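Shown next, in structure tokens, is the structure this report addresses.
Chain lettering (A, B and C) follows the sequence in which the chains are written, and residue indices restart at 1 in each chain.
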Amino acid sequence: MDWTRHDLLDLQDLTREEIELILETAKSFKEVSTRDVKKVPALRGKTIVMLFFESSTRTRASFELAAKRLSADTINFSVGASSVSKGESVLDTAKNIEAMNVDMIVVRHKSAGVPQMLRDHLDSAVINAGDGCRAHPTQALLDLFTIQEKKGRVEGLDVAIVGDILHSRVARSNIFGLTKLGARVTLCGPSTLMPKDIEKLGVTVDYDLKNVIKKVDVLMMLRLQIERQREKFLPSMREYAREFGVNKEKLKGAKKDILIMHPGPTNRGVELSADVADGECSVILEQVTNGVAVRMAVLYLLAGTKHEPAE
Amino acid sequence: MDWTRHDLLDLQDLTREEIELILETAKSFKEVSTRDVKKVPALRGKTIVMLFFESSTRTRASFELAAKRLSADTINFSVGASSVSKGESVLDTAKNIEAMNVDMIVVRHKSAGVPQMLRDHLDSAVINAGDGCRAHPTQALLDLFTIQEKKGRVEGLDVAIVGDILHSRVARSNIFGLTKLGARVTLCGPSTLMPKDIEKLGVTVDYDLKNVIKKVDVLMMLRLQIERQREKFLPSMREYAREFGVNKEKLKGAKKDILIMHPGPTNRGVELSADVADGECSVILEQVTNGVAVRMAVLYLLAGTKHEPAE
Amino acid sequence: MDWTRHDLLDLQDLTREEIELILETAKSFKEVSTRDVKKVPALRGKTIVMLFFESSTRTRASFELAAKRLSADTINFSVGASSVSKGESVLDTAKNIEAMNVDMIVVRHKSAGVPQMLRDHLDSAVINAGDGCRAHPTQALLDLFTIQEKKGRVEGLDVAIVGDILHSRVARSNIFGLTKLGARVTLCGPSTLMPKDIEKLGVTVDYDLKNVIKKVDVLMMLRLQIERQREKFLPSMREYAREFGVNKEKLKGAKKDILIMHPGPTNRGVELSADVADGECSVILEQVTNGVAVRMAVLYLLAGTKHEPAE
């Protein structure tokens, strides 16, 4: 199949075939980053802007490296240093950036819907690098890539997503991606952090982590935001760790080859004990490695398509 | 004619022929940014430093993109992240940067005269990206470029500059540029924000915006700094908008093909109503596009000249 | 000899031959920065990350320029903008960066030992850009390079290091470098800022600056941190300047061709009077120029070696 989309906003929009095309493309780009000369000329002379209204270490760096390894030119914007502090609106800022003949805008914003809004008003390709609690499609893509690489497939696997489902864009994008590729998804976490009617998305909810651990092939842990406790979603971090954190002890009933994943940065001792985070089932650092490959694939595929005026 | 200058500090210094050479050069560079591969090797291996003591989204990005599209290497400095916070003087900082064999320094500073001071003490080419209320030559050049592109000429046009003339480096640089190229310039704004004896620069002052709007080919709106109200230059933003803001209603008496310009970021509802800012007469985003072309021209021309010891 | 080291942590670890190889290599790279096209393809397709937990103007820029002139791709991290503020540990951050197939990590941190800790846990080459009061090897290398260039040798010279020896990573790295290359080193500064038993490193302590000035070929001044006064190490800046600052008057007894060095940024009127800092004996800006050459040499040599598993 050919890639025809102009933007990447959410995995909800993509077909299974489109997701598989990205993963396939990422496979060949992963090899580029292991070469002595980690660079291909694919996007030479393209301009890619990182428009980050929320700070981020790894996502911004991962996109920036992906762009540079494709030989694109990159420009960084972050909130503090920009004239957004002069009261300029997000759209005005983006339109001004686009007017500099920018090919792609990678955007992160704490409000859900900002990437969609930009897509509706811009000709540049828009890539969602995380919007509020809504979507983080490249994170889900790198998770799918990692599972496929390690397990040989996604179809038919049992995958649990554990933690603060309610506020997690990572969970939401993964639910769409995993179910589209044919995995069975179980959600687990405090009931105060479980969205109502989430089963409508084709997933199962199970509040008993021990039970969940026993049956799954993949355990995808979510980062707990410390501020959730202040917001009264949680009694205490310690309590949370005891109920929904994973350590060696709890893994005793698990399959031998269970994959432990985390989008990072990990709160060691909360979501994962240190020995599990660094243990042989953990693929956390491989997720990071695969992130660059997946983002190279996304940038590469989007660069090949023109904006449809009817869109 | 050949370009012989080593620095760009203000349009006041340039001859009409020099300004026209920059605009002519920018025309060919504008095409580069519309190519599939937006890059020419002209400044390969040159080092250009962005030395910004004032934060800025678009000007810094515009220069950085211009430099990258010419294949130069760029380095960013901004105040917070630099050892200027350790009490190092502006000149010491610049001299240290220059010692790293830097070819050009693009400088923005809130104090008028900093670029001149650097020019007097450095061998690197110095480009003024805005100094206090004094000069912003590349903004004026991109404004001239936009007028010439849209109107076919600058000579003989009636151009109004509207707003806080007193504090505006954009106004000041445009006054020099426009009058040198043969336009008739009218200044309009609150009397508290009009410099005394400004007519000496060869411009007309008219406090009646409606009257001004009727006669001009180009309406160049200035950004109003919110802090001017606190400083008692203005009764209120609403009052200002009513007297010196432009909306559809006020434009009724204007020429059909009037150009509406703004250096950005626009305070919508203050200088311009949203429908005018986004209307068919507005060339605000084209100004941004042309900014990259003009800055490519400036970097390119300056790179071809050596520092004269007698300067 | 061949270069075999994988990391650069401190000059304490290097042999005289290794130091001399870096200086020799830097000599040829210095010429690159004087070319019209300041760029060689040596590290094309390598990824070099600047991981700065302490802010820095010149060191970060110097490394970044060195990397760019070798055609490497660079990524900047600094504390405020990174998820280190989310409580992620230094090692976690570095491991995540490394997982993106990064070749070299240039690290600065206010705690001594961080570069060693990273070296012990990472495969990427680690380059110390300053850790606490411990080491700043590239600063010492550029100092050695400057002395050798100006004096034709380091062996047999008398070099004084003057100031806050106790807190100075620059002093410490220079002590190792200078003594290994055969210079005689005298330390001078307030007794409250002189480490106990420092003579064990093969240096002499002399509290009388006038006496020191008379005998040395090189006077290496250290930057005084203003906060030392608050910490009660000093009675006052004025007192310090009178006793340990250098001005024209104090230089009267010095050798005609004495070299005045400073790692910058200089507190003018404290360590050095302005006329001495800008005078003919001062090589402060040449140190900055040589910094780029030395860092190019270090990056180049380290890029040629693989990580030894036994290390």
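As a working rule, a contact is a pair of C-beta atoms (placed from the backbone, for glycine too) under 8 Å apart; a residue touches a chain by one contact, two chains touch by 3 or more.
On a predicted model such as this, the values are computed, not experimentally measured, just so you know.
Looking at which positions face the partner, subunit A and subunit B present mostly different ones, since fewer than half of the interface numbers are shared.
Fitting subunit A to subunit C on C-alpha positions gives a rotation angle of 120 degrees, to the nearest 5.
Separation between the centroids of subunit A and subunit B, computed from CA atoms only, is 40 Å.
In subunit C, no residue touches at least two other chains. On the subunit C side of its complex with subunit B, the touching residues are 33-39, 55-58, 61-62, 64-65, 68-69, 78, 226, 264-268, 285-286, 288-289, 291-292. Of all residues in subunit A, those touching subunit B in their complex are 44-47, 49, 73, 75, 77, 80-89, 92-93, 95-97, 99-101.
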